[in-house]
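In what follows, chain A forms one complex with chain B and a second complex with chain C.
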Partner chain A sequence: MKCVIAGGNVKVLGRAVHSLSRIGDELYLEPTEGGLSLRAVNSSRSAFASFLFAPLFFQLYEPGSTGPDTELFRCKVHMKSFLGIFRSLPSLEKSVGKCLILLKPRASRLVLQLHCKYGVTKTHNLAFQECERLQAVFDTQRCASRLCAPARVLAEAVVHFPLTLAEVTLGTGPGGKIGLRNYVEEEAGESCRVRGLPPTLGCPSAPHPPRFPPPELSKTMVTELWLAEDEFQSVAMAPGSHITFCLKEFRGLLSFAEASNLPLTIHFDEPGRPVIFTLDDTVLEVHLVLATLSDLESNSQSPSTNGVSHLPAPSDDFPDDLESYMVAMETSEGGLEGPPSPTFPLRTPRPAESQPEEEEEEEEEGAVPGTPPHKKFRSLFFGSVMTPGRPGPATSQEVLAEDSDGES
Partner chain B sequence: MRFRAKIVDLACLNHFSRIINTIAKLAKTCILRLTVCKLYFILSDKVANGGASMWCELSQGNFFDEFQMEGVAAEHNEIYLELVPENLSRALKTAQNAKAVKIKLTNKHCPCLSVAVELPSLSSSSRIVTHDIPVGVIPRRMWNDFREPSVPDFDVSIYLPALKTMKSVVERMKNLSNLIVIEANLSGEMNLKIETDLVAVTTHFKDLGNPPWASEDGCESNTQDRDLESMAEACIDIKKLLQLLAGQQVNPTKALCNIVHKRIVHFILLHEEVSLQYFIPAIA
Partner chain C sequence: ASLDNARHLSSLLRAVHFQDHATCVATASGLRVTVEDAKCIQANAFIQAEIFQEFSVQEESVMFRISLSVLLDCLTIFGTSSLPGTSTALRMCYRGYGYPLMLFLEEGGVVTVCKINTQEPDELLDFDFCSTKVVNKIILQSEGLREAFAELDMTSEVLQITMSPDKPYFRLSTFGNAGSAHLDYPRDSDLMEAFHCTQTQTNRYKISLLKPSTKALALSCKVSIRTDAQGFLSLQYMIRNEDGQICFVEYYCCPDENMSEAEL
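Right after this comes the complex of A and B.
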C-alpha cells in the first residue's frame, strides 16, 4: 500500500490519530478500494472508532494489488508510535508539506515519511503486526433515535462536565428538550461512587470491594444540562428515550469534529444497545461506536415507576422542603446523618443479551464468545475472533461466572 | 430552612467565582455559614486540617441581586452547611458568560446546593445547566465549633510584601524544605528562612510598614514596649503558606500578618468586599 497526503490534510490525519489514541492502544490500518481505514478499539471492547479516508483525500492512493485469492494487507501498530509522529499538530501545520505512508509487508515495516520545509525529510519506520479485520457490528439504520447537531453545540454542552467524569446520560425531557446528565452509581442507603477493579489476567474477578459507610460529602455533584430542540439540526427521538455512555471516548471524537467543523450525528436505540456517532464528509467517514448501559429495571418495573429511571424533568421549582429533614436531624442522635432519602431507584444494570449480527461483508470466523453475565459495558457488537472483552473500568457487579477463556 | 440567591451581573459573578477558587485552594471541605447579610466560609482548626484555620467573610449585597434566607429558627436565623468548595468552583467555572446564576438550597436525594446557570444560546430558549452540590447541614448544637476566631495577642504585626513576589520565593523554597520560618519586626522588616542540612536560604524584605492597631480598651497595644528591631518568628508548614499565596488571584487591598512568637501566624487579606483570615500554627 502506498499513499501520499498533502497540505492541510496532513493535519486532518494527525487529528484523526489523536482521536483514535483516546480509544485504544493499537491503531489498525486497513487499505481498501474505498479508501484507507484507521481503526481502534479499547481494551474492554466497549468502544470502537473508525476513520475512513476516501481516495480523494490523498494526493496519491494505491491500496496495493489484489489477486482473486489475496486480500489487501492489513496490520496494526502501537498507537504510541504512530501518535508520536503526529504529536504536535501546530508544527505539523507549519512545517509538513507532505506525508507518505508506505506499507512494506516483506520488510515488515510501515514507513511514514514527512516531507517538511527546508528540504527536511523525517522518516519513521514502524513495526507492525498482521491482524484480523477489526469490525464492530452495528447498523445505524436499526436505531430508533437520531440526533444531529453542529459539533460546537455538543462541545459547549460537554464542557460543563468534569474531565474525569466517566459516564453521561443523554435523553429527552419535557418540552422536547434534550438533556445531558452525569451518571452516578447509587445503591440504596449508600451513595458513593464505587469503581470496581478490572480483573487481572487469569485470576477470578475481584470480589465486590468492601463498602465503608461513606461520609455525607462523598456523594458526587450531579450536573445536568438541557438543550432546546432547535439547537440541533435534526432530532428524531422517541419520547422518554435515553442512553448512558462513556464521555472520555466521545470527547476525542468531539474535538476532531469541532476542528473540522462537521456536524455530528448520534444514532441510538434502547439502553444497552450501542450508540453510534458519525461524521460525514465527501472525503471522510467517521464512526464511533460506544457500548451503553442497559436498564435492568426497565423490564421488571411496572410502568408507573419506569419513568423514575429516566432523566428527571427539569424544573425551576426544586422542592424546598428541608423542614422535614431538619426535624429528623434534630431528633436523631449524634452525627450528621440524616434520614436516607434516595430518590434514585436501585439500578443494577445487567448487560443486554448479545445479538451479534453478521453483515455480509464481514469476514469473521469462529463462534461468538460466550457472554459472561453481570458485566457492565460489554462488547455487544464484536463477533470477531478477537479475545473476548474484559469488564470496562466502570463499576463491576459481583461476577458470578468469570471468563472461561481469558487471555493467555 | 430556605435559601435562594441570584447573581445577574457578570462582574459580580466573576468576583464571586474568584473568591470561591481561593477558598477551594485552601480547604478541601469547609463550612458555609449564611446569615441575612453575610456569607462566611469557615475552616475550623481541627487536626485533620493540619491545625490551620480560615475565616472568610463577604457581604451578600455586594454580589447577589437577590438573596433570601430563612434560618433554622426565628431566633437563630442562620444556616450552616458543610460543603466541598471545589464543587462550587467547578460549577461556576463554566458560567463565565452566563445570563444569570441562581443558587438554591434543595433537598433532592440529599440536601444540595443547586446552582442553575442560564447560558445564552443561539436558539430561542437559553441553555440551563444545573449542578447539584451535595451539602451537609450542620445542626444547631454544633454551631459553637465555628465561631469567629479572635485576633491573637500578637508580638509583631506587619504588612506583607507583594504577594506575587512572596509566592515565587516560597515556591522555590518549597523544593528545598518542608518548613519555613517567617520572622518580622516592628521596623517593617520581614525574613523568610529555610534551613536544611545542605543549605540555608533567607529572603529579606524591607520597608514593609507595620499596621497601627488600636487596643480595645484605649491603651496602646502591648507591642508599644517592644524593641523595634527584635524579630518575632514562627516556623510553619511551607505547603500551607503556599496554598494561601497560590490561591490569591487578585491583589488584595490590604495584606498583613500577625506573628505570635513561636506560636501562630495570622494572615489577614482584605479586598473591597471580602476579608479572609488564615491561621497557620507554628510547628515546634
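Right after this comes the complex of A and C.
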C-alpha cells in the first residue's frame, strides 16, 4: 500500500490519529478500494472508532494489488508510536508539506515519511503486526433516533461537564428539548441537581417543572443542560428516548469534529444498544460507536437484553483481534423522561448472555475504564468470523472477522 | 569581573549544566566553564572578556572546580524571569587558590552576597580536536535542528549521525522501541550554511549524553557539526545574547564503542 497526503490534509490525518489515540492503544490500518481506514477499539471493546479517508483525500492512493483470493494487506501498530509522529499539530501545519505512507509487508515495516520545510525529510520505520479486520457491528439505519448538530454546539455543551466525568445521558425533555446530564451512580443516592442553563445555548422558555424528588445533600454535583431543537440541524428523536454513554471517548471525536467544522450526527436507539456518532465529508467518513448503559425498564421490551443464559465462563486470553461477546449489563437509572420512581436503581450484574443465533464466545467483560467494577457497558458488537459472501448488514451480530482461534 | 546583566552568564551556564560540578578557567581572554560526564562528553561555555564590563585576571590563569548548580542558583537568586529593563548586576571575585568565589548580585537596590566554596580542579579531557583533523563539517541554522532534537526518540540508546558528500548528506537516526526514525537534511537545504563533507561517516553516540546539548541548541542561532577520523563529534553553538554579543558553547562527544549494524 502506498499513499501520499499533501498540504493541509496532513494535519487532518494528525488530528484523526489524536482522536483515535483517545480510544485505544493500537491503531489498525486497513487499505481498501474505498480508501484508507484507520481504526481503534478500546480494551473493554465498548468503544470503536474508524476514520475512512477516501482516495480523493490523498495526492496518491494505491491500496495495493489483490489477487482473487487475497485480501488487501492490513496491520496494526502501537498507537503511541504512530501518535509520536503526529504529536505536535502546530508544527505539522507549519513545517510538513507532504506525508508518504508505505506499507512494506516483506520488510515488516510501515514507513511514514514526512517531507518538511527546508528540504528536511523525516522517515519513520514502524514495526507492525498483521491483524484481522477490526469491525464493529452497527447499523445507523436501524436507529430510532437521530440528531445532527454542528460540532460547535455539542462542544460548547460538553464543556460544562467535568473532565473526569465518565458518563453522560442524552435524552429528550419537555417541549422537545434535548438534554444532557451527567450520569450519577446510585451510590450517590439522590443528588442535588444544579441546573446549568448558559444563555448562549437555547434556553427553555419556562423553568423545567420539578419532577424529581426533592434535592438532598449529596457529594455529587449533577449538571443538566438543555438545548432547544433549533440548535440542531435535524432532530428525529423517539419521544422519551435517552441513552447513556461514555463522555471521555466522545470528547476525542468532538475535538476532531470541531476542528474540521463538520456537523456531527448522533444515531441511537434504546438504552443498551450502541450509539453511533458520524461525521461525513466528501473525502472522509468517521464513525464512533460507543456502548450505552442498558436500562432496567426496557428489558422486557427489548429482546436483546433478555435471556439470561448460562455460558461457561470464558477464558481471559482472547486473540487480540477477535473477541466477540455481548455482555448485558444491568443497571438502571432515573431516565430523563422515565417514570419518576427509579431513583434507586438496582444493580444486578447479569452473567453473560448470548444472542440466540450467535455462536460466539462470550466473556464477562472487565469494567469500562473509569467505572466502578460491577458496572459494565453492553459491549460492542464485535462479530466473529464472517465468511465472504454472507449478506452484509451489520444489524445482527454477524461475524466480520476471522477468529484465528476458531469458534467455540 | 563585573557584568551588567547576569543573564548573559547564567543562560550560557545553563546550556552546559548537565552535571553538578564544573571546572572554571579564567584567563585574560575570558572565562571558560567546562562540564564533563562519563569521560565521554565535554561541554564548554566560553564567555569572552569583552562581554564583561570589567574583567581582569592577575595570574596567567586561574582554575577551580565549583558546584555549577549552586552557582546557577546564586546567579538567578532574584528570579529567572526576564522582564525587560530589569536585570541583575553581577560582580565576581576570586582571590586565589583555596578561596571561595564571591558573587555580589544587585537588582533594584537589593544586594546579595554569595560565597561559593571552590575545589581542586579535575583533570580535563582533551579531545584533541583541531581544525586540521576534521573530516566532515557542516554548519546549520539551529532553527532546523531544534525541533528534531527536542523530539528525539529517547527509547533509542544511540543517536546515529551520518555525514556524507553523497546522499543522505546529513542524517540523524534513532532506533527505538517503535522502530527506526531518520531525519535527513539535504546539502542544498536553506538551513545549510556550510557543507564540507569529504568522506562518508556514520557514527553512533549515546543519546543520553547528547540530549543535554538540546539546551545549547535552543539558545543558539547556528551550530557547526564536525567529526574527525576517529568519529569524535564536535558541536559548536553560536549564541547571541540579549545585547547582540556572540558567545560560544561547544560539546565534544566520543563515539559509542558498541557499534552494531544499523537498522534499515
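The definition used in the following text is that the second predicted complex is superposed on the first by the 271 of 408 C-alpha atoms of A that agree within 3 Å, B and C clash if a C-alpha of one lies under 4 Å from a C-alpha of the other, contacts with A are read in each partner's own complex, and residues count from 1 in each chain.
Assume contacts are C-beta pairs under 8 Å (C-beta built on N, C-alpha and C of every residue); 3 or more make two chains touch, one makes a residue touch a chain.
Remember, predicted model here, so these are calculated numbers, not experimental data.
In the superposed pair of complexes, A:N125 makes contact with chain C only, with no contact to chain B. Contacts of A:K219 after superposition: chain B is touched, whereas chain C is not reached.
Using the contact criterion defined above for the overlaid structures, shared-chain residue A:G84 touches chain C, although it does not reach chain B.
By the touch criterion defined above, A:R109 lies against chain C but remains apart from chain B after alignment on the C-alpha atoms of chain A. Taking chain A as the reference, the larger set of touched residues comes from B, when chain B and chain C are compared. By the touch criterion defined above, A:A228 lies against chain B but remains apart from chain C after alignment on the C-alpha atoms of chain A. When the two complexes are overlaid on their common chain A, residue A:A238 makes contact with neither chain B nor chain C.
Of all residues in chain C, those touching chain A in their complex are 144, 147-148, 151, 153, 177-186, 188-191, 263-264.
Those residues of chain A lying in contact with chain B across their complex are 157, 159-160, 162, 186, 191, 216-217, 219-228, 230-231, 314, 316, 318-323, 325-326, 329-330, 336, 338, 341-344.
On chain A, the positions that touch chain C within their shared complex are 78, 80-81, 84, 87-88, 91, 95, 107, 109-110, 118-127. Across the interface of their complex, chain A is touched by residues 1-2, 29, 72, 82-84, 87, 90-91, 94, 104-112, 114, 116, 121-125, 127-140 of chain B.
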